[in-house]
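All remarks here apply to the structure that follows.
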Amino acid sequence: MIRAAVVGAAGYIGGEVLRLLLGHPRVEVAAAVSSRFPGKRVDGPHPNLRGVTDLTFCTEEQLTEYDVLFLATPHRTTMRTLPRLAALAKTVIDLSGDFRLRDAEVFRRYYGEPHEAPELLDEFVPGFPELAREQLTGADRIAVPGCMAAAAILALTPLTDEGLIEPDVDVDARTGSSGSGATAGEANLHAERSGALRLFATSGHRHEAEIAQACGVRPTMTATGVEAVRGVQVVCRTRLREGITEQEVRAAYRRRYAEEPFVRVVAQRRGLYRLPEPKILLGSNFCDVGFALQPDSRRLLAVSALDNLVKGGAGNAVQSLNVRMGWPERLGLEFPGLHPV
Amino acid sequence: MIRAAVVGAAGYIGGEVLRLLLGHPRVEVAAAVSSRFPGKRVDGPHPNLRGVTDLTFCTEEQLTEYDVLFLATPHRTTMRTLPRLAALAKTVIDLSGDFRLRDAEVFRRYYGEPHEAPELLDEFVPGFPELAREQLTGADRIAVPGCMAAAAILALTPLTDEGLIEPDVDVDARTGSSGSGATAGEANLHAERSGALRLFATSGHRHEAEIAQACGVRPTMTATGVEAVRGVQVVCRTRLREGITEQEVRAAYRRRYAEEPFVRVVAQRRGLYRLPEPKILLGSNFCDVGFALQPDSRRLLAVSALDNLVKGGAGNAVQSLNVRMGWPERLGLEFPGLHPV
Amino acid sequence: MIRAAVVGAAGYIGGEVLRLLLGHPRVEVAAAVSSRFPGKRVDGPHPNLRGVTDLTFCTEEQLTEYDVLFLATPHRTTMRTLPRLAALAKTVIDLSGDFRLRDAEVFRRYYGEPHEAPELLDEFVPGFPELAREQLTGADRIAVPGCMAAAAILALTPLTDEGLIEPDVDVDARTGSSGSGATAGEANLHAERSGALRLFATSGHRHEAEIAQACGVRPTMTATGVEAVRGVQVVCRTRLREGITEQEVRAAYRRRYAEEPFVRVVAQRRGLYRLPEPKILLGSNFCDVGFALQPDSRRLLAVSALDNLVKGGAGNAVQSLNVRMGWPERLGLEFPGLHPV
Amino acid sequence: MIRAAVVGAAGYIGGEVLRLLLGHPRVEVAAAVSSRFPGKRVDGPHPNLRGVTDLTFCTEEQLTEYDVLFLATPHRTTMRTLPRLAALAKTVIDLSGDFRLRDAEVFRRYYGEPHEAPELLDEFVPGFPELAREQLTGADRIAVPGCMAAAAILALTPLTDEGLIEPDVDVDARTGSSGSGATAGEANLHAERSGALRLFATSGHRHEAEIAQACGVRPTMTATGVEAVRGVQVVCRTRLREGITEQEVRAAYRRRYAEEPFVRVVAQRRGLYRLPEPKILLGSNFCDVGFALQPDSRRLLAVSALDNLVKGGAGNAVQSLNVRMGWPERLGLEFPGLHPV
């Protein structure tokens, strides 16, 4: 049993980290930090945890020592607090965007301001077992990827690893409202956000940089807010290199994910759910990936879906912890998702 | 052609008043006041009005003289601004809660503070043609009822007018999110409000007082937020007086609404839409009312549905204006609603 | 490890039984019967089970011997097949309506035709640990209650057990679309069912009889289809007996459910989720129950929420199995539900 | 006043034709044909028309003579019935797919079987005023385009007319459930369709052929079912030809649609609704079109949104009738859409 603390525990990602850790057989949640709700019960902002825990939030000042620290604080907070917080735990798992990019210059371009701790960028390993399982073993600085980036990367790596596609990729991400967090504003007001099909980003989305870094492609990303709270679907439109066949594509996906506990290849010829769809993944750590060729051309769709708060965030963090600790990778992540839903 | 001004025109009710007036053949929208967006285009906060108007918002100070003034300002604003604004127009139509109740003491009890202009309460006529058509002819102070109150009153008056029911009535109102307005907060954050079945009021809702005043019953009201942006459904549970038959109930509804242009009696034995439902009323000024007896008892359900921003607000205001002016009552209110939707 | 078979395994309830049993540490799913999909993979109609099982459906004829048989077949099927199927397993857990009512005459009245195996009615124990925990220990004929009935009964029993309320109760059930099953028809066509507030039952609903039987009240039930796939909320409107106070009501709920692993009392003064709401219960076996008094009267709201396919069906079945076997009651039912969602 | 008959009047498109014609000042609905509901009231399957009409459905055999006949019958029906029905009216407006393509061979490829009346293909003019206003004047055979095709074509023609883009276009269509009509099946079962992000077509969609025909591009189309009943959004991804600037693109859209009554250019730098979104178009005949350049590349997004049953069907039909008759083009089509919704 190891002791964990969660900073930023009152937010949506923080709450999901708590949910998963409270159900994890080898982790004890020793502290949950919230600057807004110190002293208040954790099941106030997270009503799904009623009857599951009696924990109350504490302040950052009240933190002592832990085996692992999860940082679910806003972008640009981690890079400021890390030097201080890192002293409290051997292992730090960051869920913000601060340590996902290796290149400080790329960070500056996508985040619009300089990185404040560029010397630490090299210390971080991606909290992404499908990409960095070996590095994660024993890693103590882990940066979990962005939700849309994670989905896109899982859709693309079977293709890019084997050099099957051309470098230009249109990344069309569709996302629920929980990705923008628990802070109320006009953009996530129910009357405005309900039923939306909102192209809120047509270029320069931060996750674009992560995709480029991981896959070595030239992504052009758009993001559309759709009617959902949880869930991300990514549709990548690209072209196969000359002469590549459907069988080779299918084999590449199969090979790449044969041993992966949380990636399922979904590319059927029939059925309602023949390509990945996020609604059946709510609460689950699965990422479904699939593809479809467009005949009479070399165009290919690579599609993926996940729950942005689980495989796109807290689930990847816990899976990374499992890998880092040498535990069975599925531990605490067994919930398969629901249907119908 | 008369000239109208709308105060509070950037809000949801104000926007709906604008939409209806811009399509009204005898009204010119001469001014739209917004304290937040002075000088900005009206079709900014109301994107449905793009291509319909080039109007920009002005400030209250820029108002001059109009034939009619619509006040779509928050509760407790009208009673403060009325003395000043009343000088600008012969006719004032208020959509806030300030002048709906005739008794200042009841106002104090339900709104939690004293009325600031109790001497004006008597001047106001309900902006509710089904209840006050004669009073409205020539009226110059008009107070439009609350959305859930309007629905409940239309469900109940055929029964109370003819003394068919006992005085205790459970009023079970179900409502979309637009009723709480355009100001963002935790309660209407999409991730929280989506898919809600939220009993946000279990007693003391302000609309309860309006129902009691109009129908002479003892209402006990609950309000549930449901997954919808627009739309109110009210289910009244009550008991028939001894010996009253279903035929008498049906006849009472038929008689009461035979000549009403915007109330439809919907109480069928078959079909998906056999009782009133708000979704087919989006954008429409119809209120559907119906009923169902519960056999082996004298229990009765009286049900109604409307669009809270139209028949529950802006539509009632425009219909009242039509009556007040002696115009055909349907003018500018012809949109019937959609199906499927 | 015991061996289980599920009949009617391609339906929504059957799929949920499969999901729970596949995650249960002491149960092996040995057979899944579907008359529509014999030989096909279970994860076809249940795409959430991809990667979780390689099971295929078999026919009823292919069944051999099992420790427990779950019947998720339509109403009026179980009473015909039970004599035959009962030979295949010591323990039978029925999820249909056939053996929920003890009185064949009440069955006839509510189901519109005579019971075909009335002599077996007495053999069944309610699959409802909160009501029949002792009877379930070692029981071999178990009938899981209806989803809306289960919710209403859990809301009411703390009150009826202690004689706190009068016998007349209005039961206002709100339900998602999955309750009507996987057979397509006009009523559950997306374009019609989406955004519905549909009073589809105003009297004589079958679950009414179960509530009367379990609680000894005179329920008058209405059922409204709301925009949701999963989830039931029940609002019971009743009156406290003379002199009963809010403290006594609260104490009764607390006492009744202090030791229950899957019932949470949710009756707070503040917060968005201060009364039970089904959305945070998706996939969970919790039933939340709460109450609110309406001042100046003896009126009381008793409110409950659950996932109709879990605590309102498959979860109750598995929890009953746990009790029957003497296993820890939470086994295989640990998923707490999600927020936000 | 002209007399119109609608064949296929019980379906979703037929109902929308009825709604628009019943509100049209120069058209009398003289007959509504339904093979399923002969003799039944029109407001049964179309509950939004209660109180608007007392019309009942008739059979095709009961048809006599009319000025205009609207055919809202399924694909492959019109080409069989046209020779017979054409005798009943001078003007025929077809809403099926049968006469949209000029080339019988392309029809065969996309519809999977030969056209049965290829000799009539040339007689039809597109029911699409933005593309064929002059041809429509006096036209007697009018074929209304497909909903997703209409949206894509309006997004693209400003660019293709002026030769601003390269010929390869990815057409990413997102659509509500009403497009698949009122016939129940697994694909539009609420529990399955709700919350969907379903790539139901990844190549060979029939509307692709219409886009190619109208715009002279090589479209590769995908279609995703999203959570909505009405509404289509199309995102076209393409590349600008060398040297084309954003100003030229903006000017092309402005020029192309300056005089169009039902196309609005929506391409703002700020605001929630800065690109086209279908929800604010429910019930409206507007098509919103916009664009966004993706910097550091010549990539361009051309975006459009419409209500598939109005501008994507019945509205285009009525607008075409207005043009054909020489009436003001907005007649009967004034409803602007709602916000919030």
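Before moving on, here are some points about what is shown:
Each chain gets a letter, A, B, C and D, in the order it is written, and its residues are counted from 1.
Everything below uses one rule, namely that contacts are C-beta pairs under 8 Å (C-beta built on N, C-alpha and C of every residue); 3 or more make two chains touch, one makes a residue touch a chain.
Listed by chain with UniProt protein names: A, B, C, D = N-acetyl-gamma-glutamyl-phosphate reductase.
These figures come from a predicted structure and were not determined experimentally.
Contact with both chain A and chain B is made by C, D.
In this assembly, the chain whose C-alpha centre lies farthest from chain D is C. Centres computed as Cα averages put chain B at a distance of 39 Å from chain C.
If you average the CA atoms of chain C and of chain D, the two centres end up 45 Å from each other.
Centroid to centroid, with C-alpha atoms defining each point, chain A and chain C lie 35 Å apart. Each of the following residues of chain D touches two or more other chains: 12, 178, 182, 186, 191, 194-195, 229, 272, 340-341. Contact residues on chain C toward chain B in their complex (touch as defined above): 170, 172, 174, 186-187, 191-192, 194-199, 202-204, 220, 222, 224, 226-228, 231, 233, 235, 237, 272, 275, 277-279, 292-295, 297, 299, 301, 303, 305, 340-341.
Chain B contributes residues 12, 15, 19, 22-23, 44, 46-52, 178, 182, 229-230, 264, 266, 271-273, 280-284, 286, 288, 334-341 to its touches with chain D in the complex. Across the complex, chain C meets chain D through its residues 12, 176-178, 182, 184-186, 188-191, 193-195, 229.
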